[in-house]
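Quick one: this structure, given as C-alpha cells, is what I'll be asking you about.
For reference, chains read A, B, C, D and E in written order, and residue numbers begin at 1 within each chain.
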C-alpha cells in the first residue's frame, strides 16, 4: 500500500514538474505577451495541481489535505484572475503586435499633470 | 558546507550588493529597493544565527526549530522596515509630484548659490 | 502633602523608569483622538508631567547614589529586556524634558488649531510627532537592550523626518528624503552590528555583553566588525562630519520649533548610544587609533562647520552649520578617554546639555526674527534688535555658550577638554577647541552687529511674537549660560551608576581652577579681539558699498570651502566616506587590539 | 522519498529560474509580471514539496499565504501605471505623451 | 543530505540573481517586479531555515504589501525617471564604492564562517519558561511576554509612520480620503476577485492570529493578510478608503497599543511588573492584546499603503477618470 502511494506521488509530482517545465518553455519561446500568458496559466495551474495531488498521500489527514487543496484552489482563483487582468492590460486596441521593446514610459493616469484628455 | 552556512554567505553578499545600490543608484526608488535588500540581508543573517542556535534544542531532543528570539526580532524588524519603506515611498512620490524629479543626486544648489544669484 | 507624594514616588524605585518610557507613547496615541484647541494644551500638560517625572528620577538617582534598574515584564536579561537609569541617563532625561517643554510652550502659537476647526495637518503632525521624538529619545536613554534601542532609534527617525517636510516645499521634501534614507542606512548598519553580537554571545543586553566581552581571552572577529558597523551607523544618524549631507538643509528647512528639537535633541540620541557602546559595552576596545579617528573627525567638524557657518547668508543655515561644528566637540572626548574616562564622559554630557539648551534657544530665536521680518537673510537683519530686544538677547546669550565664555556650560566643556588635552599631551585638541571658539565668536558677533544697530523697523512686523515665546527662548538661553554655575555636586550626578573609576575626583580637580581670574580672563580676551575685528570689518564694509558675496574678505578660499561642502554633501561621496569609515574602524581595532 | 521530493523541488525551482530570463529580457513589464507570476506558482509548489520532505510543520499555511497574495502583484500592475509602458505604442492618449527617442 | 544542499544552493543562486537584477536593472519598474519575486524566494529561504513564523511575515509583508507599495510607486514615478542615468556617479567613484562594498561583504562572510560553534542561543531558556505564559508557540512567547516591550514599541512606531505619510498631504487635502488607492478602471476580473478572495483572506487572517498562540502565525502575519484584503476591496472600488479625520478609524488605530499598555500597567498590580501577566490569566490576556493589535496593525498597514489624503474634489476626479 505504502509503495503504491509513493509511486502515485512520484508519478504525479513528476508530471507536475514537467508541466512547470512546459510553462517555462512557453514563457520563453512564445512570440508575444498574450500567447505567453496562455502558456503560463495553463501550465502552472496544472503543474501545481499535480504536485498537490501527488503530495496528498504524504500529508496527514485530514488537516494536511485541506491545507494542500486550499492552496491549489486559491492558486486557481488567483491564476484565473491574473490571466484576465494581464490580458486586459496588455491588449492593444488594434491588436498591434509590433510593440517597440522597452518603449519609454508614459504618464501615469493618476499623476496630477496628466490632464484628462480622453 | 551546510545549507545554513550557504544562506549566511548569501546574506553577506546581499548586504554588499544593497550597499552598492544604495550608494551608486541615482534614482531614489532604487535606493529604497536597495535599502530593502540590505535589510533582507541583515534579517537573513539573523535567521541563520537563529537556525544555528537551534542546535541546543536538537541536542535536548525537543525538535529543531531554531532559536525563537532572533525569529521574533526579525518579525519586528520586518514590520519596521515596511513602515520605513512606506514613508520613504510616499515622500518620494510627493517630491516627484512637486518638483518633477525622482532622484536625489545633484539636486541641491551649492550653498552660496543665493548670493551668486544676486551678484549676477 | 507634596513631600509625601514625592516620598511615595521615590519608593517606586525602578518602576519610575516606566513613566518616561510610556508617558510620551500614551500621549502620541491619545493625541490622535484629541480635537480642537485642546491638542496643544494636552501636549503641554503631558510635557509638564514628563518634566516632573524626569526630576523625580534624577532625585531618586541622586539620593540613592546608584543607578535605577527595572526588568520589564519581570523577565531578567538575557531573556527579557532591562531598563537602567544611571546618572548620565537621568541628566539626559531632564535635559530632554526641559528643552521639549520650552519647545512646547513656544509652539503653542504656531501649531495651534484655529478656532472652529477640528484639527489641521500641521498641528496634528507636530504634536504627535513631538511625542514620538520624546518617546524615542527617552527609550534610547533608558534601554539596555540593543534591539529595543534599535526600535527606539526608528521611532525617533520616523517622528523626526516628517517634521522636516512639514512645510511641504520641494526643497524640504528633498531634505527629508535624504535624511530618511541616510538615517535608514545608519539604522540598518546598527542592526547588523547588533545581530553579530547576538550571533557571537547569544544576548543583546548591554551589561551582559560587557561582561562577556571583558571576560573573553581572545576577541572573536565578529566584535570589531560589529562595533565598527554600529558606530558608523550611529555616526550617520548623528551627522558627524563628513557624513553631514542631510543636516544643513533639513535643520534649516524645518519649522523653527522642529529645527530646535532636531538640532538640540534628535542627533544626541544616536550620540548617546555611541557613548553607551564605547564606555559601557566595550571600553577596552577603544584603541587609541580608533579614538583618534573619531577625535580627528570631531576636530574637522569643528573647523569645517564653523568656517562654513561663517559663509552663510541665511540665519537658519548658519545655525545649522554651527550644529555641525558643535557635534564635533562631542567626539573630541574619545581621544581624551585614554587619560580619564570620567573627564571625557563629563565633558561629553555637559556639551550635550549646554548645546541642547543653547541651540534650541537660537533656532527658536531665529524663528521669531524670521517671522517678524518675513525672511532670515543675515545682511538684512537691521533693526531687529530694536523690534525684538529679548529675542536678539537670547540669541546672543545662547551664542556665548557656544563660544564657551564663562559662566556658560560651554565654558566648562572647553575647560575640561583643554585641560585634559594638555594633560594627555594632545595639543592639537587644545588648539582646535580654541580655534573653534574664536570662529564661533566671529559669526555670532557678525550676526549681532547686523541685528543690534539700526532704527526700529519702519514697516510693521509681519507677525508680532508673543511675549511668552520671547521669554521661553530667553529662559532656555539662560539655562545654557548659567549651566556653569551649577555646584560641582551636580556634575557628580553624572558619575552615579558608573564603575568606580580610579580617577574619581579628576573632574573636580580640573574644574577647580576654572573660576580663577586668570582663567576667566584667558578665555575672554581672544573673544574680545575677535569681536573688535568683526566690528572693524563691518565698519569698513559700511563705509564702502557692501560686497554682496558675504562675510569673508578672502574670496577664493571661501568659494573653495563652499565647493568642498557641496562635494561632501553629494550622496555617493558621503556613501563612499561612510564605507571608508567602516573599513578604517575595523582596521584600527584589529591592528590596535 | 525525501530525496525525490527535494529533487522535484530543486527541479521546479530550476525551471522557474529559466523563466526569470523573462524578467531580464522583458520586453514589456507585463512579460516581467508573467515571469514573476510563474515564479510565484512554482515557488508555492517547491514550498509544498520542501515542507512535506523536511517535515517542517505549517508549511501549507505559508503556501496558502503565498497563493492568497499571488494575485497582488498583477493587481498592482493593473491599478498602477505599469501597463502604460506596454501599451504605449498603441495607447496614444493625448495627455500621456511619450518622449521622443 | 546532499539533495537538500542542492535545493539550498539553487535558492541562493536565485536570490542572488534577483538581487543583482534589482540593483542593476535599467528601469525601476522592472526592479520592483524583481523585488516581488525576490520576496517570494526569501519566503522559501525562511522555510528552509525552519522559521515558519518569519516565512509567513515575509510572504505577507515583505513580499506582498511591500511589493504592492513599490510597484505602485514605480508606476507613479515612471514619468520622472528619464534622465536618471545621466546622474550616475562617475566610474572612479563607482569602482571605489564597489571595491569597498565587496570588502565589507567579504568581511561579513568571514565573520559568518567564524561564528562560534556551538552557537549561543536562548532557545532552551525560552522553552523552559514558556509554560508560564500559557503559550505554545515560542516565537509568540518572545514577542508577547519576554520582549513584550519591543512589540509594544513596534506597534507604536507604526503610528508616527502613518502620521508621517498623512502629513505629506496638502493643507487643503487634510481630512479628505487617502489618494493612492483610487479605484482602478474596472474590467470584470478585479471586482470579481475583490468579492471572492476577501472571505478566504479574512478567514486565513483570523486563523493566523488565533492559531498564533500555539502554532506558527500571529498578529502581524494575520494583520498583513487582512490589510491586503482591505486594500484589494479599495482598489476594486467596492469600498472607499475612510477620510483621515474619521473618528472611528482613529480609535481603531490606537486601540491595540493602548490596550497593550493598559494590560501592561495592570500587570504592575497583578503580577508585580509592567508588562507582566498574572500566570493564571496569561493566555487570555495575551489573546486580548493580540486581538487589539490585529485591529490596529491592520488599519495602519492598510492606511500606509493608501497614502496621504487628497481634497475631496480631487479624489472624485481621480476615481472618475480611472473608472
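To be clear about the criterion, contacts are C-beta pairs under 8 Å (C-beta built on N, C-alpha and C of every residue); 3 or more make two chains touch, one makes a residue touch a chain.
No experiment lies behind these values; they were computed from the predicted model shown.
> Going chain by chain, each one touching the next, work out the least steps from chain C to chain D.
Minimal hop count between chain C and chain D: 2.
> Tell me which chain's centre, taken as the mean of its C-alpha atoms, is farthest from chain C.
Using the mean of the C-alpha atoms as each chain's centre, the farthest one from chain C is A.
> Please identify the chain lying most centrally, where each chain is represented by the average of its Cα atoms.
So the chain nearest the centre of the shown protein is B.
> Could you tell me between which two chains the number of C-beta pairs in contact is largest?
The largest set of C-beta contacts joins the chains B-E.
> Could you work out which chain's C-alpha centre is the most distant one from the centre of chain B?
The most remote chain is A.
> What whole-number Å value describes the gap between the mean CA coordinates of chain A and chain E?
Inter-chain centre distance comes to 25 Å.
> Centre to centre, by mean C-alpha position, how many angstrom separate chain A and chain D?
Comparing mean C-alpha positions, chain D is 8 Å from chain A.
> Roughly how many whole angstrom separate the Cα centroids of chain B and chain E?
Roughly 14 Å, centre to centre.
> Round to the nearest whole Å and give the separation of the Cα centres of chain B and chain C.
For chain B versus chain C, the centre distance works out to 27 Å.
> Please set out, as single numbers or ranges, the residues of chain D touching at least two other chains.
Touching at least two other chains: 26, 33, 35, 61, 64, 68, 71, 75, 77-78, 80-81, 84-85, 99.
> Which parts of chain A, given as residue numbers and ranges, touch two or more other chains?
Residues 70, 74, 77-78, 81, 85, 88, 102, 104-111, 116.
> Which chain C residues sit where two or more other chains touch them?
Only 79, 147, 151, 154, 158, 161-162, 165, 168, 173, 192, 196, 199, 202, 570, 572, 575-576, 579 qualify.
> If we count contacts the way the header does, which residues on chain C are in touch with chain E in the complex?
Checking each residue of chain C against chain E gives 15, 18, 21-22, 25-26, 28-30, 32-33, 70-75, 78-81, 118-122, 124-125, 128-129, 132, 135, 139, 145, 147-148, 151-152, 154-155, 158-159, 161-162, 165-166, 168, 173, 192, 196, 199-203, 220-222, 225, 570, 572-573, 575-576, 579-580, 582-583, 586.
> Which positions of chain E touch chain A when the two form their complex?
Touch residues, chain E against chain A: 26-27, 29, 75-76, 78-79, 81-82, 182, 187-190, 192-193, 196-197, 200, 317-318, 321-322.
> So in the complex, which bits of chain E are touching chain C?
Listed in rising order, the residues of chain E that touch chain C are 89, 93-94, 96-97, 100-101, 103-104, 107-108, 110-111, 114-116, 119-122, 125-126, 129, 145-150, 152-154, 156-157, 159-161, 163-164, 166-171, 173-175, 245, 247, 250-251, 253-254, 257-258, 261, 265, 267-268, 271-277.
> Per the contact definition, I'd like the list of chain C residues that touch chain B in the complex.
Those residues of chain C that touch chain B are 79, 147, 150-151, 154, 158, 161-162, 165, 168-171, 173-174, 176-178, 180-181, 184-185, 188, 191-192, 195-196, 198-199, 202, 248-249, 308, 311-314, 317, 548-550, 558-559, 562-563, 565-566, 569-572, 575-576, 579.
> Of all residues in chain B, which touch chain C in the complex?
Per the stated touch rule, the residues are 15, 19, 22-24, 28, 31-32, 35, 38-39, 42, 45-46, 49, 52-53, 69-70, 73, 76-77, 80, 83-84, 87-88, 91-92, 94-95, 98-99, 104-108, 110-112, 114-116, 118-119.
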